[in-house]
Structure formats: C-alpha cells, structure tokens
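Several structures are given next for inspection.
You will see two complexes here that share chain A, one where it goes with chain B and one where it goes with chain C.
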Partner chain A sequence: MSVTVQALRGVRTRTAGAGRCSNLAPQLALVVLLLASWDLLVRTGVLPASGAVRLSGIAGALGDVVFTAALWTAVGDSLTSWLVGLAVCVLVGVPLGALLGWRDGVYRSVRLVLEFVRATPPVVLIPFVLLFFGPSQEMKIFLVVLGGVWPILIQSMYGVHDLEGTLVHTARAYRIRGPRFFASVLMPTVLPYLLTGARVSAVLGLLLTIGSEMVTSAPGLGRAIFDAQTSNDLAGMYALVVVAGVIGLLVNTVFTVIERKVLSWHPSQRPVTS
Partner chain B sequence: MTSIKGDAVAGATRPSLDTVMAADHVAFSYSSAAGAHPVLGDISFTIARGEFVSLVGPSGIGKTTLLRVLSGLMQPTAGEVRLDGERVTEPPRQLALVLQDYSRSLLPWMSIERNVALPLRSAKVARTEVRSRTAAALDAVGLAGDSEKYPWQLSGGMQQRVAIARALAYQPEVLVMDEPFASVDAQTRFDLEDLVLRLRREFGMTVLLVTHDIDEAVYLSDRIVVLAGKPAQVADCLDVPLGPIRDQIATKALPEYAALRGRVLSEIRAASAARTDKKVG
Partner chain C sequence: MAPLAAPGHVLTWRAFGRLPRLALTVARELWFAVVVLALWWVLSSGSTSFYFPPLSEIWARFQELWLFDRVPTDVWPSLRNFGLAIVLSCAVGIPLGVVLGSLRRVREIVSPVLGFGWALPKLALLPAFIAVAGIGDGMRVSFILAGAVWPILLGAQDGVRAVDPGLRDMARSYRFGRGTLLFRVLLPAAAPQIFAGIRTSLAIGLVLMIVGEMLVASSGLGFFVLQSQQSYALVDMWAGALLIGMLGYLITLLFTVLERFVLRWHFARRAMHAAG
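On to the complex of A and B.
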C-alpha cells in the first residue's frame, strides 16, 4: 500500500541477513543452477526456439555487442536521462518535502493527497509527456522527474516530520544551532529516509527510462532491446537484457554500500544481537 | 493554602537570598484551533544559588510545561522568568537540561563521547578543553570506559547517566531535570539519585528537579514546590531540613522524613481531588 513502509522494511530485511559474504557460495550455486536449467529447457525444446536462445548464443552476442559503439551510446543515452532526472528529483523533492514536513498542519493536510499521487502508476504519464516532448531525452527526463520525485519528496517530508520533540528540545536547550544543528541533528535524522526515498526513486526512474524508450522509441537501451526484438535478433536482444539487468544490479549495490557506510548507527544496519 | 493572585505562597520567593532563578507571575496557555488552553495560572517562586528544589504535582498538572517555560524553550504568555537577574527569552547558556526520555535525547549516530562533547563544540570551547571536560564528566558518572560506545549499546540507566554527563560537561549554574529517573528500575534509580546528590555537592550546582515521585522529592530536595489547580498554581512550598548528606536507608528511616512525605502526599491528593471535583461539577 505504501512504498515508504515497504522500502523501510526492505532496508531492514536486507541487513537482517547480515552474514552477507558467508552465503555467497550458495547464491552463486543457485545462479549456476538457474542458468543450467534454462539451457536444458531450450536444448530439449521445452522452451520454443522462436523465443528462447541457448546460453552460448546469448554469451556470444553479449561478447559481440559489448564492443560496439552503438551499445555504449544507447547505455549513455539511458543513463544520462535517468541521472539528470534523478538529480532533479533530489533537488526538487528534498527541499520541498522538508518544507512540507516542517509544519505539522501542512504535513497532515498534504499527506493523503501525496499518497494518492504516488499510488498512481507513473507509466500512465508516458502518453502525456510524449505529447509535449516527442520521443526525446527531454521526454525521458521529464518522465523520470514526474514519476520519481514522489518517493524522495515523501520520504524527506516524513524524515523532517520525525525530527519533532525531545531531540529538537535538547538541541535548542544546548544551543546547538545553524550549520551544526543541520549537520549533527537534522541531516542524520533525515538521511535514512532520504536514502530509502532515493533508492525507490532511482529504481523507478530506471524502469521509466527503459520502459519509455521501448514504447516511444526514444533513444536508449530500451529502444535497442525493442529494435533487436523486431529485427528478430533474439540473441542480441537477450544480451541487451543482460546489460540492463547488470545496470539495475549496480544501482542497487551502490545504494546498499552507501546505506551501510552512512547508516552504520541505524537500527536497520546494526549487527543482529538477539 | 492556595495562593491568591498577586503575592506568592509563603516561602516560595525569598528575595533576601542569592537568587539564581525566579519565576515572576508566570502564566502559560497552549493555543490550538479550539482556542487557548491555560495550563499555568500565576506562578511565582525563586531558587537560591546552590539550592536543590523539586517541583511536584499530579500528572498532567503542567510540570513539564513549566519546566519548558523556565528553561526558555517556550515563552510565558504572561509574567517573566529571570536567570541571574536577566529575563529569559531563549535557553540560556547557564542552564543544562536532562529530559525524561533519554533514549530520544541522545543522538544515536554519535558515540557517547561525541554526544557529551557536542554542546561544548557548539559553544566553541577549545578542543583540548572539550576533551578534558568530556572525560571528567564521563568519569564522574562512571562511564569512562564506555566513551567509544553508541547510546543504543548501553542500558537505560547508563544512557541516562550519559545525559547527566552531557549536562555536567556543559558546566551549568542550574541543572534542570524533568523526571529523569522515571523509566529506570528501582536500584538504578537509587544509584542515580545518589549520583546527582554527590555531583551537586562536588560541582556546587543549583538543581531544579521535576518529579511525580514524592519519596524522590523529599530524599533529594532542600525545598519542595507543590503545584495544584487548573490552571496550575503554587499550592505550597516546603523546606526539607534533612541536611546536606542523605542516605537511602538512614534518611528514609527518619521520623522527619516520614512526616514530610505524608504532608506532600496529602497535598498532592488534595490537589488531584480538587481537579476531579472541578471536572465532575
């Protein structure tokens, strides 16, 4: 129902399995097993040859495509619009959310509306932004902003709202103000919320970028995947899907590493003691 | 016994002594959409330098509210608060605050040492002095060995000692505490009470303590201010002539202790009963 709760819970569960490295081996084993079963299913004809390609074929296509300028142009196009959009999300969402969260009355009155806006699936915006911008980088950026700004805005609002009470009184009583208040009290309180929001925004933005490229033929990885499919280059299509998957994985890893570093004090990141 | 508007209850204000803090006809109302909600009526009392004063009263009477007004976190709607003769308009440098909710008054992203040092660094105290004062304060509360730990790695009583250490390192003239021992177990509570008495003797601080625990008030204080009524007023002011040195067992066995305890208890009972009557009638 609410991305906030789910996202926060996500942070928690991830670290609950904090033995990270120790279960790397079984994880790898599972990957190998899945790949082997895929290959077996294609080879035995359970999966039709009209849609599935054997591992060796995908690997070969991947080897070829990695050295083409076309791939990196497409990846560059996708990542540029995604990153620019994400930057705008942060620049707009964080201050605006902070402003809304600061006053209790404002917070309570906008909360419901924002939850509603966010619950609307952002892909419905694609036809709308296409009308305004055509299949271009600008369209994708706009889409990422429109769709991705909500999680980060709402998290920023929750974070600042959470600041109330004892902590603020203590800071005021000890005359901790200005930049030091910002750096020592405000930011650490809001940061866990912001990182969760940014992670959700980032994943959503990537989805919107690649998805919109597929449906509108704006330049980028999504369009390359679509083109490969329509020209019946199945191995090439799978290779590009793998590239997209790796990008998604990298994005997630970057966020996990940042969260672990920045939030070592946070309950979600503490070693499990009990 | 209830004070008449205008002059204070006998013994509440003592102009002859060296006054550190004075509440002068302080009134306070919370304002909301439903209108003003008066909590503090007309409160006057003074605290002398070095004195240990407890504020007691039934739950919801406005003790925390009064404490926020006295420490400059909120402005009185009428009257004024003075510290060292100066009108308080914001939390003054001479005052340190220990709140009931220790788990939320410490910063979980900072080590114990950095928590204690933060107000000093904010006050631009020299680095070496910050270090020595922090170490001394942590030593005084018996946490010298835990300075690198984080608040959430400590027990409730230890966390409250960190909050006390933070106040000590700040070297205030007046230490203000709002039910600081309410959420620790009985033994820890006794230890913390004796700790505060010892530190107060060593550092010569003035202490203002809000508590709902009558035993605690009688055991610790030189004077007890009883709040009653709605809006709250000073109902009574009692001297506690039990001397500077107290002992959890011997002091509490004294007949004077029992007498004082009984008197405060009956006043708070009367105050609560009066409030309920008003609500019913």
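On to the complex of A and C.
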C-alpha cells in the first residue's frame, strides 16, 4: 500500500481516496486546533464572556439538549416545512420552467421578469406571508415555495432552452418520440441544470425556514436558537447552532452524493455555478 | 452581436436596415415586463383590498419615501454595510481561495472545516453574533461577511485548482515570477469562477442584511418593511418591498455589466466555441 502511494506521489492525478486516508490525522488536528483556540479566546477574555461560552459548556449543553423532545420537535417542524415547500417547488418549477423554455419566443419574453423576481431577496416577503398565515407551519411552507421556486424554475427553463437544435432534429428524423425522447434526449441535457437548481432551492429554502422562524417566532429550530439567546441561555444557543450546522452539512452531503451518482457521466463533476 | 457598421466604413443603408431588428430584439425582451406592470396597475386600480392596495398608491408612496426622503436614514446605512461586507469578503476570500487552490495538501486538510462553514445555515449564527458583538454596524457587517465570504473563497479555490496544468508548466518553463504567475495566469484563469462566486455572495449578503435588520436594527430597509407590516401600513410595506426588489435587481445588473466588461475575453472565447 505504502509503495503504491509512494509510486503515485509524483503523478498528478492521484485518486482522491488515497489522499483522504493520509490526511485524516492532520484534518482532525486542525479541527482540534480550531476548537482549542476558540476555548483559549474565551478563557483569555478576547471574546466577551457575556457572549461566548467555553467549549465544555457547549458540549455539556449539546449532550443535554440531544435527549430532549423539544429539540427533535423543533428540528421536525423545521424540516417538515422545508421538505414540503421544496417538494412543491420541484412539482411546480420543473414543468413550468420546461414549458417556458421550450419556445424561444416565450423564453425571451419572460426572462427579464423572472430574473427580476429571482434577484429580489425573498425574505422581504416574510412580513407579507405573516399577515396571511400568522406564525405557523403554513406560513413557512408558503415562504419556501415563494422564494425557492425561482431557482429551479429558471434552471429548468435554461436547461430545456439549451437543447441543441441538431439534437432535436436528429431525434425527430429517427422518430425518437415519447418516453424514449424524454429519457435519452431531454433528460441528459436538462438533468444537470435541474440538480443545480434543486440544490440552490434547497439551501435557500433552509435559510428561509430558519430566518422566518427567527423573525416571526413560528415553531422550529430558528425560533429555538433565538429564544435561547433572548433568555440568555448561551450554552444552549451554541449547542443549537451546532445542530443547525450538522443539518446543513447533511443536506449538502445528500445533494453532493445525488449529483455524483446521477451525473457520473457528465464531464464537469465540479460545482457548476452559473 | 454584429456591429452596426464594419470598421472603416461609413454607415450604409444595410446598417440602417438592421436598426429595426435591434428594436425588435429589445421589444421581445421587454414587452412581457411591461404587460405585467400594466396588468398590475389596471387590475389593482379600484382595489379596496387591505392586502393588495392599488399600484398607483404604492407608487405615489414610493416616490414620497425613497425619492429621496428616507435615503440617508434607511437606504444608505443598509447599502453601506452590505457593500463593505462584500468588499471585505472579496479581500479575504480571493487570496485565501488562491492559496488553497494552489496548495493541494493544505486544501485537503482544511476541506472538512470549509465544508462545515459553507453548509452551516448562516442565519443560525445571527444570535451568536448578537451575543458576541452587540447590535451595532460592526456586528452587521461581520455577520454579512461571515455568510458571504464562502462562495467567493470556494469559487477562487475551484477556479485556481482547475487551471490547465499545461498552462502552469508553460509558465514555469518561461520562468515567470510569482507575481506574473499570479496576475497573468492564475487570476485570469480563475476569474470566471470567482465572479460566479461573487454573484452568489451578493444574493446571500442581501438576505442576511435584511434579516439582520428585521431582527435587531432600528433603521434600515429590513427594519422598515417589518415595522410597516406590524403597524399595518401595507402601502408602506409594499413600497419598501418594491425598493428592495429594485435594488436587488440593480445590484445584479451592475454586476453583470462589470462581469461582461472584465471577462469580455472569456465570453468572446465561449461564443467562438459555441459557434463551432
């Protein structure tokens, strides 16, 4: 094994797996170093004691809070509204975007309006949806849909619009229609766009869920974090931030894995930002 | 797009013949937006609904508020914090990303930490920022910075990492100095990805700015919109939302113009590839 690694060391395209193995120790060391320096900053008073908490305190609070029903109810509330909202985004955004992207004339006409809507930060709608629904699950779902549908709709539209004329004509000449056209012509072109759109929508949706919970005190993780801060339970607050980070990491990992699996054939398996 | 007249020629009739086509192109992009606005204006004109006041009223209030009465108190502080945070994000994110993109081993070691920082829903950090740094402008700038720096950093890192190895070898064989390598090879090659990162950062930064103001500020656009809603001044709320939408679009538009200008070689090359 070590011989192989030695032999490959000079080669530019070393596999990621080999790199990961040999880097585990320094990676862990860096994490420990960062945590230790946080502890040091708090202990020496560089970070104010009124706002920052020692590591042991955060760990203790994390250990306590993980076994409470309140935490899992809050996490469940947040994830439910996020997932339902995201599902609606996909169900509405993908077909509508495909419809708009199909004809060049329609695509050009709606582009400006859609780009305007997308450039508007969706959090400005929080006060508005709050009026309609009050601080509830429905409000969060509605907000996630209102804000999250645009990235996936626009990506779907761009994807379908990106279908090459030659490709479509060839398919037509060979009479490739219906499900076969869908599976072997449409999907390979559109899928990379859709997955990018879905990931952006997912991240945005999570942000909107937590943000709206903080602003409107609808039930969920965002509210729990804010409540902990206002009631001066700082250790509990940092513990909840860690939980939110873990959730974010899970969401990210799931999307990365899906993209790697589904698009393993695609030349650019590198984060595509357009 | 073809120039109106080839260089060295006077305007010919053929060039004039293209003008209507240009107008047609612009019209095709614009007509739908005009129709949407007109429909909104007409359909809401007689509206007595509490939630959806007439657009004419919103527009009148918009002019009263934002041209330019409350600009110094509500718009300017928001935009100043936002702009400062984005500039700082670039100043931190681009050099760090270039370093990480060049040093494979360091990159692999810090990648779990970066992954966590990128994945953490940034709004969850807001209470922690309030607890540590209070509610002043410094906190707001650093909060936006903490959220907006990641896409730029990762963009620079991926961009530098993806530089064609042949290009690096060539730079080495010509004995380019470090400075030349950085400014003539690495940064230009990574620029498209860096710009894509900044674009994402602008969107994230706006969201963080507004939510930050909704929660802790006593001035600023986010504060204004939430305050209007809580005092049931719906026309004010709509006027504020309209302004935020316009600002968001304008910022994106200005950035696109900048990107087109700085990266004109990149777009030209891409168009050439697309053409065949």
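Here is the rule we use: the second predicted complex is superposed on the first by the 238 of 274 C-alpha atoms of A that agree within 3 Å, B and C clash if a C-alpha of one lies under 4 Å from a C-alpha of the other, contacts with A are read in each partner's own complex, and residues count from 1 in each chain.
We take it that contacts are C-beta pairs under 8 Å (C-beta built on N, C-alpha and C of every residue); 3 or more make two chains touch, one makes a residue touch a chain.
Bear in mind the structure is a predicted one, so any value in this text is a computation, not a measurement.
Asker: Let's test your reading of the overlay: on chain A, do chain B and chain C clash or fit side by side?
Answerer: Chain B and chain C fit side by side in the superposed model.
Asker: Tell me which partner A:Ala173 touches in the superposition: chain B (first), chain C (second), both or neither.
Answerer: Touch status of A:Ala173: first partner only.
Asker: Should A:Gly165 be classified as contacting the first partner (chain B), the second (chain C), both, or neither?
Answerer: After superposing on A, A:Gly165 lies in contact with chain B but is clear of chain C.
Asker: After lining up the shared chain so the two structures overlap, which partner does A:Pro188 touch, if you call chain B first and chain C second: first, second, both or neither?
Answerer: Touch partner of A:Pro188: chain B, not chain C.
Asker: Tell me the contact category for A:Trp265 with respect to chain B and chain C: first, second, both or neither.
Answerer: First partner only, chain B.
Asker: Please indicate which partner A:Ala69 is in contact with in the superposed arrangement: first for chain B, second for chain C, both, or neither.
Answerer: A:Ala69: touches no partner chain.
Asker: Looking only at contacts as defined up top, I'd like to know whether chain B or chain C touches more of chain A.
Answerer: Chain A has more residues touched by C than by the other partner.
Asker: Look across chain B and chain C in the superposition and give the shortest C-alpha distance you find, in Å.
Answerer: Shortest inter-chain C-alpha distance (chain B to chain C): 8 Å.
Asker: Which residues of chain A are in contact with chain B in one complex and with chain C in the other?
Answerer: The overlap between the chain B and chain C interfaces on chain A comprises residues 270.
Asker: Within the complex, which stretch of chain C touches chain A?
Answerer: Against chain A, the touching part of chain C is residues 28-33, 36, 51, 104-105, 108-113, 115-116, 118-128, 130-133, 151, 154-155, 158, 162, 165, 193, 196-197, 199-200, 203, 206-207, 210-211, 214-215, 222, 225-226, 228-230, 234, 237, 240-241, 244-245, 248-249, 251-252.
Asker: What residues of chain A sit close enough to touch chain B in their complex?
Answerer: Its residues touching chain B are 165-167, 169-170, 172-177, 180, 184-185, 188, 265-267, 270.
Asker: Which of the residues in chain B come into contact with chain A in the complex?
Answerer: Contacts found on chain B: 68, 71-73, 90-91, 93, 95-97, 99, 101, 104-105, 107-110, 118-119, 121-123, 150, 152, 166, 170.
Asker: Once bound in the complex, which stretches of chain A touch chain C?
Answerer: These residues of chain A touch chain C: 12, 19-20, 23, 26-27, 30-31, 34, 47-48, 50-52, 105, 108-113, 115-117, 119-128, 130-132, 206-207, 210-211, 214-215, 221-222, 225-226, 228-229, 234, 237-238, 240-241, 244-245, 247-249, 251-252, 270-271, 273-274.
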